[in-house]
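These notes are about the structure you will find just below.
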Amino acid sequence: MKSDQAIKLLNDEGLRLDGRRLDELRPLKIEVGVLKNADGSAYIEHGKNKIIVAVYGPREVHPKHLTLPDRAIVRVRYHMAPFSVPERKSPAPSRREIELSKVIREALEPAILVEKFPRTAIDVFIEVLQADGGTRCASITAAAVALADAGIPMKDLVAAVAVGKINGKIALDLNHLEDQYGEGDMPVAMMPGLKTITLLQADGIFSKEEFKQALDLAISGIQVIYRKQREALKKKYEKMIRTVTGGGS
Amino acid sequence: MKSDQAIKLLNDEGLRLDGRRLDELRPLKIEVGVLKNADGSAYIEHGKNKIIVAVYGPREVHPKHLTLPDRAIVRVRYHMAPFSVPERKSPAPSRREIELSKVIREALEPAILVEKFPRTAIDVFIEVLQADGGTRCASITAAAVALADAGIPMKDLVAAVAVGKINGKIALDLNHLEDQYGEGDMPVAMMPGLKTITLLQADGIFSKEEFKQALDLAISGIQVIYRKQREALKKKYEKMIRTVTGGGS
Amino acid sequence: MKSDQAIKLLNDEGLRLDGRRLDELRPLKIEVGVLKNADGSAYIEHGKNKIIVAVYGPREVHPKHLTLPDRAIVRVRYHMAPFSVPERKSPAPSRREIELSKVIREALEPAILVEKFPRTAIDVFIEVLQADGGTRCASITAAAVALADAGIPMKDLVAAVAVGKINGKIALDLNHLEDQYGEGDMPVAMMPGLKTITLLQADGIFSKEEFKQALDLAISGIQVIYRKQREALKKKYEKMIRTVTGGGS
Amino acid sequence: MSKPEKIIPLIQKKSIEALLEKGERLDGRSPTAYRSVRITVNAIERAEGSAIAEIGNTMVIAGVKMSLGSPFPDTPDKGVLIVNAELIPIASPTFEPGPPGEEDVEISRVVDRGIRSSEMVDLSKLAIIPGKKVWVIYVDIYALNHDGNLFDACMLAATSALLTTQKPKTVVENNEVKLLEEKEPLPIKTRPVSVTFAKIGSYMVVDPSYKEELAMDARLTLSFSENGDIVAVQKGLPGYFSYDEIMQALEIGEKISRDIRKHLPPIPTSASND
Amino acid sequence: MSKPEKIIPLIQKKSIEALLEKGERLDGRSPTAYRSVRITVNAIERAEGSAIAEIGNTMVIAGVKMSLGSPFPDTPDKGVLIVNAELIPIASPTFEPGPPGEEDVEISRVVDRGIRSSEMVDLSKLAIIPGKKVWVIYVDIYALNHDGNLFDACMLAATSALLTTQKPKTVVENNEVKLLEEKEPLPIKTRPVSVTFAKIGSYMVVDPSYKEELAMDARLTLSFSENGDIVAVQKGLPGYFSYDEIMQALEIGEKISRDIRKHLPPIPTSASND
Amino acid sequence: MSKPEKIIPLIQKKSIEALLEKGERLDGRSPTAYRSVRITVNAIERAEGSAIAEIGNTMVIAGVKMSLGSPFPDTPDKGVLIVNAELIPIASPTFEPGPPGEEDVEISRVVDRGIRSSEMVDLSKLAIIPGKKVWVIYVDIYALNHDGNLFDACMLAATSALLTTQKPKTVVENNEVKLLEEKEPLPIKTRPVSVTFAKIGSYMVVDPSYKEELAMDARLTLSFSENGDIVAVQKGLPGYFSYDEIMQALEIGEKISRDIRKHLPPIPTSASND
């Protein structure tokens, strides 16, 4: 929808340019605890997206007047490295990055037990090292894992994926090309265990029927991502156990 | 004086392009209390100028260290909407807007009994929706009414008008065209009841005689504007009375 | 080294374009106490560099949270006037000015007995009125004198000069042309009495031997500058004595 | 412009929820009732298009300025649309002067998406010399009084201003663009309308007032094109929605959008631009 | 750069007023006496023009840089003049580092108006290829020591720098501008001078010192061209003037401006630019 | 991005010095021992060059983007190199979000000087149409984990990214630059390496850890080209060095630079650009 050029994004067998079926996720890899200084951290490769997330907190807030008496404030900085995109991006935050920082924060915050840490801040710093469509969703997926890695008590993880419309069909997990030449894009984040939607955006044109179909597809994709998140956390946990009990790295 | 092109701004009968005499004001309309949230507000149409003013205060100041122990601080923001002028203006404040915010503040402040409200702020927000020459003066005229509408105690209202020189003659209340192609512009604000001048600026070339003539003309125009201000306030006051006593809107 | 054009910076007698020997300083003039408001001030002409320095402090710090409980903070602002260079410079601080403010501060601070004035600030404001190569060094030389003039207790003065490489030879006190067309530039600052180096930078290409030779040359130049600094301070001191005892200006 | 923390006493939130349990709201509306909408167009003669949109006591002004400029490198054959909303301190004691903050940016971008995704303005008809000279449309939106639901009010003001915009006709002579005296409207294909829901506790209401916004946990803005398609969605605030709540909002929102659209100026005819 | 609140004890203001009642001032001057003026030109060889202006202990430096550039779209046949004054923290303990604040901006604009309104520099002679290439004149003014009346000091420094500016002659060959070695002065028509008054309580003084400025309620700056015409006026600060006070200032100011003008460099001759 | 004041208890500084007196360090290294260096190249396929550099637990990423642009007016026949380092808050609890502060700027400029002075990249081979079209090289460096010695880590990441950069070949046809599919490396002449020393009390150590940096009085960064020449020096922090300390650092640093250089990618061959 962002470009008029009609591009064939599906072949005659209904497969996508990268060989995926319409309901298939891109390869997904999550690593936990990749940064030494951060209280929690995660690195995600989702398709060709490469994103690193650091969590600091709960910690003191400067300046003091930003604190809340009954809960922690959550601060999120979503930033794209200048070299993450085909044309170098200025390092100064764009309007897009300002909006995404806000909606990502509002997608994560419902899962965090902020009332446990009054007068503190929980900081989530996201750096997109390489972008390939769906960076806000991959950022949320990684940030939730980093929050858990930091030991922040949460109601549930938050997992996210974008669905969209390409050549008239609803497709899961759009890559950059599909995002650019498709007819619609809908990022969705959920607390998968609680079945609640914490991020929902869309642009493009969706009929009511397509919208429902897209949301259903997103929810099914999110379940897969949720599993990967828990596996990544479990792996780190097991590794820690092994390390502690002398099992080696 | 801002352009070399010699433009005939007066016809053979000595009337101006918009049909006015040299000592004639443009049509003037003032409405009081046009905004629900503001403590006081006014809308002015002065010629084709359309300006809205909101007053908030006296209210608490953040940050605290800006307060004064013995009086209220007055803050003024004069801003032009991007669509108020022929060529779109950037929404960021220009040097002109910074200067005008300052001189408008200094034109209003002598009338406000600031010592009645120590450690508070009185905020005057001016948005020029359409500009047609003389916006600073129309802003002052409207702001004084909005301050009164907010119930801020004042020594007097402040009324303002620009005089200038067109085709060698001193003229009252220049419009945009006369401002651009005239030979001089002199904005004047007064507390009309107290006969004191609270804003005086000029550019262009005025002989001493012309300067005196211009100032005299401004003062006479200001008296007319002062009457309109009081009528607008009275109208609102009567309306309130009617509303309170069940007289309908 | 900043330009490829091979320019002959030394004549056949080994003299430089301005007639100096390789180990010769440019003319140097230091005036103390040139500004009335500042607690201390100095004006330096070093070659065609013309730089004025004001020192304010020790004084209160705003905002308070910047203070240190056990010592004064030193703040330095190095700024070039837009008309100080051949092509007008934007008045906003450049990255170069930000770096130089930092290294000049770190060159001066070792000499200042900061622990004598806890919870205060010592402000050093440097304005380059005309630039001719070596402005950071001339700024340091003048700033040290201005600090002394302000009565700030110091371990020693700080004196500075740049050495460099022109046409393959190590030369003292590069001017603008030699800086631009030479093969290397090395600014050095010292507390000359204490023989300690408080600023050292270099760019260009120096062999280890050249580096040592350059540093030795800088140190010898610094001793001359140090003498000029003390003379300038003494002159002012004598003048003060004369004034106080009625000896006239 | 950043807003200071808006605090609402817990007791007030509880009383709003207690009312909602009975299907009632503070101002007497039903949960699905939208406040009265009023559109005033052409308020600013100097702008190429302008409109004041009011939803109850919420008031917003939008102005459209058209100028000739260069296309974006990746869309050389299209006009340029730039939407800029500012929550100026005139509108609310909680708005502060200063450069646009994250709330201003979010509204700007959501209005922009509603207009752009719906293809309301046929930007491909606004390239005069493709790759070189195109029309640049600036839509500047200023909040004047904030009594809740600025998202919808900004969308209404922006679309109404675009619907009534008159731009000069152009001719190209020797690769130079000449502006003619004669005016024509923009090439408009559809009139998108946004409908915003607030979730307060476990209840949903449409078109929240300012007091309801102070109590709301999450916000959902749905934009619909003329034929009922969804063209933009934005969930906001640190709360969440269930699947059913979203589907319900979709049904209700689409109906309400039809009612609101009746207040909009009609799609201009003869919008040919060739 | 913004200044911290300048506070003066009430008692000090009262003592200044008590003196003024007797027609006296803190530094012994009469109310209409201007301090000694000193102009030093060509201090900065690297600038095309430069001057240091001193009024008593107040000291200001101005530098002029000339470059070739594009004209403003609305004045294609004129050169461009840009005036920028900065109250840098060197000059006063009350000035702080940072981008120009409202005081810097006000001074810049008042100096600019004095130069521009008087048509001191004949900008129409500075268009080399009208509509394409014109001379751009930057006048940058830096306060060095603030002992009151920076408005007049900045004006003096700026005009003196312009009066002594030497720019390269130019020739146009094949629509390209060539700068020649030979220099010439700017085309100057008049030498505007500003005179600033302070109102303290009910008294007026000319050329206020820093201590008087701390006590002043209102400020009035009047700029006069060579023939005594008024070319710029600026009232400042939250006080006011009576009609008679302004008329009086006009009379006195015009006389003083003639005295001050004697300190300025002469109008350069052979300023032809064709 | 500015850092909050980093405070170290005096007792900790004293204990570091006590260890140093015995020739020992907190992490068991000798004063002249560098931590393990690890370079990972081509991590970011989308960039023309990229590298992650690790020194112990310090981790930095650099990416190179190449684009066509205009040369600087004073070097019309050379490509343009722009180095930008940012100490983003991911890397340390002491880094804060916001525009680059003086520490970011200092690192950017020291890395830039190391690359530029050594003539690592032959910029004269990157002018495609001299005076008109040249290659612009952006090197963006982001700190990911700060455990001391970011200067060297940023330098390692930047040079490694440049060494592995692949840019499109170009042809010029009718004065237009055409990018070819075929890629080629940058024209590289040498591989500069920086070695940073910390002075703590009266002791010097190489490659300070974060804890050592908290205790350090002064910092010295020396950059060496392949043949051992000094190409950039930067003393930092409000401490000082003796003449002998600097000469000693020069000897040791040059040796260490040879060891570190072994971890760098090789100089690419066939870097001809004509």
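Labels A, B, C, D, E and F are assigned to the chains in the order they are written; within every chain, residues are numbered from 1.
Everything that follows uses one rule, which is that a contact is a pair of C-beta atoms (placed from the backbone, for glycine too) under 8 Å apart; a residue touches a chain by one contact, two chains touch by 3 or more.
Just so you know, these numbers come straight off a predicted model, no measurement behind them.
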Topological distance between subunit C and subunit E, in contact steps: 1
Neighbouring chains common to subunit D and subunit E, by label: B
Centroid-based (C-alpha) most distant chain relative to subunit E: A
Selected pair, out of A-D, A-F or B-E, that shares over half of its residue contact pairs with C-E: A-F
Label of the chain whose CA centroid is most distant from the centroid of subunit D: C
Separation of mean Cα positions, subunit D and subunit B [Å, integer]: 32
Whole-Å gap separating subunit A and subunit C, where each centre is the average of the chain's CA atoms: 52
Centre-of-Cα separation between subunit F and subunit B, whole angstrom: 58
Intercentroid distance (Cα basis), subunit F paired with subunit D, Å: 48
Arrangement of touching chains [line / ring / star / complete / other]: ring
Ordered ring members, subunit C first, subunit F second: C, F, A, D, B, E
Touch list for subunit F against partner subunit C, complex: 5, 74-75, 77-78, 102, 105-106, 108-109, 113, 116-119, 124, 220, 225, 228-243, 246-247, 250, 254
Subunit E partner contacts - residues on subunit C that touch it in the complex: 35-38, 48, 50, 52-54, 56, 59, 62, 77, 79, 81-88, 91-92, 123, 125, 127, 129-132
Touch list for subunit A against partner subunit D, complex: 1, 3-4, 68, 74, 95-96, 98-99, 101-103, 105-106, 109-110, 184, 186, 191, 195-208, 211-212, 215, 219
Of subunit E, residues touching subunit C in the complex: 4, 43-47, 50, 57, 59, 61, 63-65, 67, 84, 86, 88-93, 97, 99, 138, 140, 142, 144-147
